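Each of the two complexes below includes subunit A, the first together with subunit B, the second together with subunit C.
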Partner chain A sequence: MALSRESIIHDLNRIFAENFEIEDPDPDENLSQAYEFDSIDAIELLVEIEKILGFKLTQEEKKQAVEIRTINQICDYMEGLAEDRA
Partner chain B sequence: MAEGSSAGQVLPGYGAVKPAFDIGVTIAAWIYYTLGYLLFFAPLYVAAALFASDRQEAFQRLNHRFYRIFFRLLLKITPGLSLEVPADIRAIRSAVVVSNHISYLDPVLLISLFPKHSTIVKGALFNIPFFGRMLKMSGYIPSSAEKNPDLVIRGMENLPRFFGTGGTLFIFPEGTRSRSREIRPFNKGAFKIAKRQNVPIQILFIRNTDRLYRPDRFWFDTCVENRITVERIGELLPETGASVSEQMARVRRQMERAGGNNHQNHCSNNSYGVL
Partner chain C sequence: MGERRVVITAGSAITPIGHGKADIVKSLKRGVSGVKPLRRDDLLSEYIHSGVFGTVDYPVEYDFDRRFKKTMGPVAFYACQTVKEVLEEAGLDPDFIRSGRLGVAFSSTHGSPTVQRGIYRQFFSGSSEEYSSVNAVDYLKSMVHTTAVNITKMFGITGRVIASSTACTTGSQSIGFGYETIKFGLQDAMVCGAADEYDTTTVAVFDNLLACSTAFNETPHLTPRPFEEKRDGLVVAEGAGALLLEEYEFARRRGAKILGEVIGFSCGNNGGDLILPNADGIKATLLTGLQSAGIGPEDVDLISAHATGTKMGDVIEAQAMSKIYGDRPPVVALKSYMGHTMGACGAIEALMTLYMMEEGFIAPTLNLEKVDKRCAMIRHVTEPIPDAEIRIAAVQNFAFGGVNTCLFLKRFDG
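Up next is the complex of A and B:
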């Protein structure tokens, strides 16, 4: 499944605004430090990522997301998942 | 401004025996906590682990029974101690319960009120041998995913079913005890969960657990007039559509108001000494 970086960022910005009350986060900013983005948000984000990618993530794939800190890292993570399942 | 807990006036006739009661009640509580668990509850937990169809709920109900008996024991053997919990609080279901936090007894007290419950616990506690295992088996959720990602993911994913079957998730938004009784800064977790799961927030206010088990003392403080109360001071319904920040501000206002009332009530009651 091909996903452009731009479309991922566009989707993430929408999700962050609608779900987490975070407007236009800086792509390299540490989400936890800058916006108090925590584990609860991360789980919610994984649900949204599953919707964008169109498939369910495995527990192992979800656990990898725990290390993510920035929007750019989320993009890398999503691109990696899409490539693995392609 | 709310003030910290302080020693109350010793009950008439108990002056000479108070130290003995303090030590005796504390030892009795610890004996129940250790031997009572091993002799009476450990077999039930083993049975639940082996045979229960819903192991987490079975553990939660056993925890509830264990701590309900713990409080009954304390009420029985502690001169001057009483507990007031309105029936409508015990009837809370399918909600996030937030409360002020003034004593180690607070989580124990809330577990004793809600048979089907869960809570968010400091992540480090899950790594304590045996105790951590009990937390996991009870379905409690670590506050951080860094060391226990599986538990956090599973815990959060189970929440829709948990709330859908009447579960009560209690959380102390201050994260840790307030020794001064002032309401400390809130974490957002409780409010985010309530919003995402579309369940109400029930706001409770606990008083005087810190007078029974004081932060600066090992022994229970007995033989003083001490009424522990749990009051429902408000609720936030999901239909209001308030943001997480707005919800936090509202809950803080209500807790601070209740804390102020708490202070006034005690100041007007001269049997409580210098609270």
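Up next is the complex of A and C:
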């Protein structure tokens, strides 16, 4: 399933607002430093990413997310996953 | 290092008969019961014979940031709220809170059963889609030391963590172990207490053991009935209690208001049956406690009995108390007001005892219309005692697993 960057950002903004009480995060801000987004949030976000992508992530794919710090990096990560599975 | 004294400088509780000292004292003086009908839960309640629960049926306002809430189940909300109130009351220096000289002794019976129930529901749903949503957050919310570590996180406490989980002696052990930790110089102050949330699983356990009250489902306020002829079992309840203990000189130097003193603690085991209470085990614990406090039975002015309202437990406790104390000190069963708050009961009952000590009154055991003759050898409080001089009080708690504890509190007279 092809996902546009716009729709990914739209979904992420919704998740960040509903799940993490973070409204309209700056796409290039370090989420940990700017919004106190931590490892526990990251685990919850991975579950939400699976729902958006419509498939389960492998352990290896999840480990690739460790270095992610910003919304734009999350988008890149999701686009890459969608492309690999296409 | 000389003998270090340990004083109580703040306390708060969320209980079926009120939130905080003012509400709780008012309920104790008015004889208010916090026992209510068991709520339907679409899982267990329809199979349980007991239809009563000691319920916190008023709203509790929580003002916690998301970063704290995300790892908290209901039990941690109770715990953190009472500790927040305790730290506000104590006015500890923020630098001290983070110094490593303040520790936490806090726990619950088994973490958050509400969250655990959600996890099991997903496990047994048979859906692989559901499985992946059981994650680290669920564990942090449900684990047995969830109260203690959510407290450390919320308030930045960096000292010792003791999360003793021993069912109904959880709270009394928290206070006792916190007391010993300060007394022996390992910390200068300890946040102590325990919490347990609304949980029908616990009711089902006691119901299956025929230990729950079932005869008063239509009149919940008439049960439990500790030491009373028509008692028919315990009533499970929810709540939390927190106290701040400090080394006396430390508290004095910082100008803290001292509410009372912990002068002794004992903890023993029956060394046998994991369910049945044991008079010899209880007596040994009471004697060890008196020795720990450096006092004799004649010095004790009030006993807060464990007294859950079960058929045998109350008789055995009365027998044990009688052997040690005779029929002199007044005995009150505080569970008659709110049921059995499980892990929290030791902390809540210690606080209520402290409140009675501070305010100079003794609340009577509720529903004690006719004392069971097998429990009649001790001095029951059946009417309010408005002008009571309580210098030293004992708080007794016993747990599944044969664990017995006794705390000794002393009024602070300067």
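To be clear about the criterion, the second predicted complex is superposed on the first by the 86 of 86 C-alpha atoms of A that agree within 3 Å, B and C clash if a C-alpha of one lies under 4 Å from a C-alpha of the other, contacts with A are read in each partner's own complex, and residues count from 1 in each chain.
The criterion applied here is as follows: a residue touches a chain if its C-beta (ideal position, glycine included) is under 8 Å from a C-beta of that chain, and two chains touch if they have at least 3 such contacts.
If you're wondering where the values come from, they're calculated on a predicted model, not measured in any experiment.
By the document's definition of touching, both partners, subunit B and subunit C, reach A:Asp38. In the superposition on chain A, contact is made by A:Val66 with subunit B only, not with subunit C. After overlaying the two complexes on the shared chain, residue contacts for A:Ala86 are found with neither subunit B nor subunit C. Contacts of A:Lys56 after superposition: subunit C is touched, whereas subunit B is not reached.
Contacts of subunit A with subunit B, set against its contacts with subunit C after fitting on chain A, overlap at residues 21, 36, 38, 40-41, 43-44.
Residue ranges on subunit C touching subunit A, taken from their complex, read 66-67, 70-71, 132-133, 135-137, 140. Taken in their complex, subunit A has these residues touching subunit B: 21, 36, 38-44, 46, 59, 62-63, 66.
The touching residues of subunit B, when paired with subunit A in their complex, are 142-146, 149-150, 152-153, 156-157, 188-189, 192-193, 196, 243-245.
Residues of subunit A touching subunit C in their complex: 20-21, 36, 38, 40-41, 43-44, 47, 50, 56.
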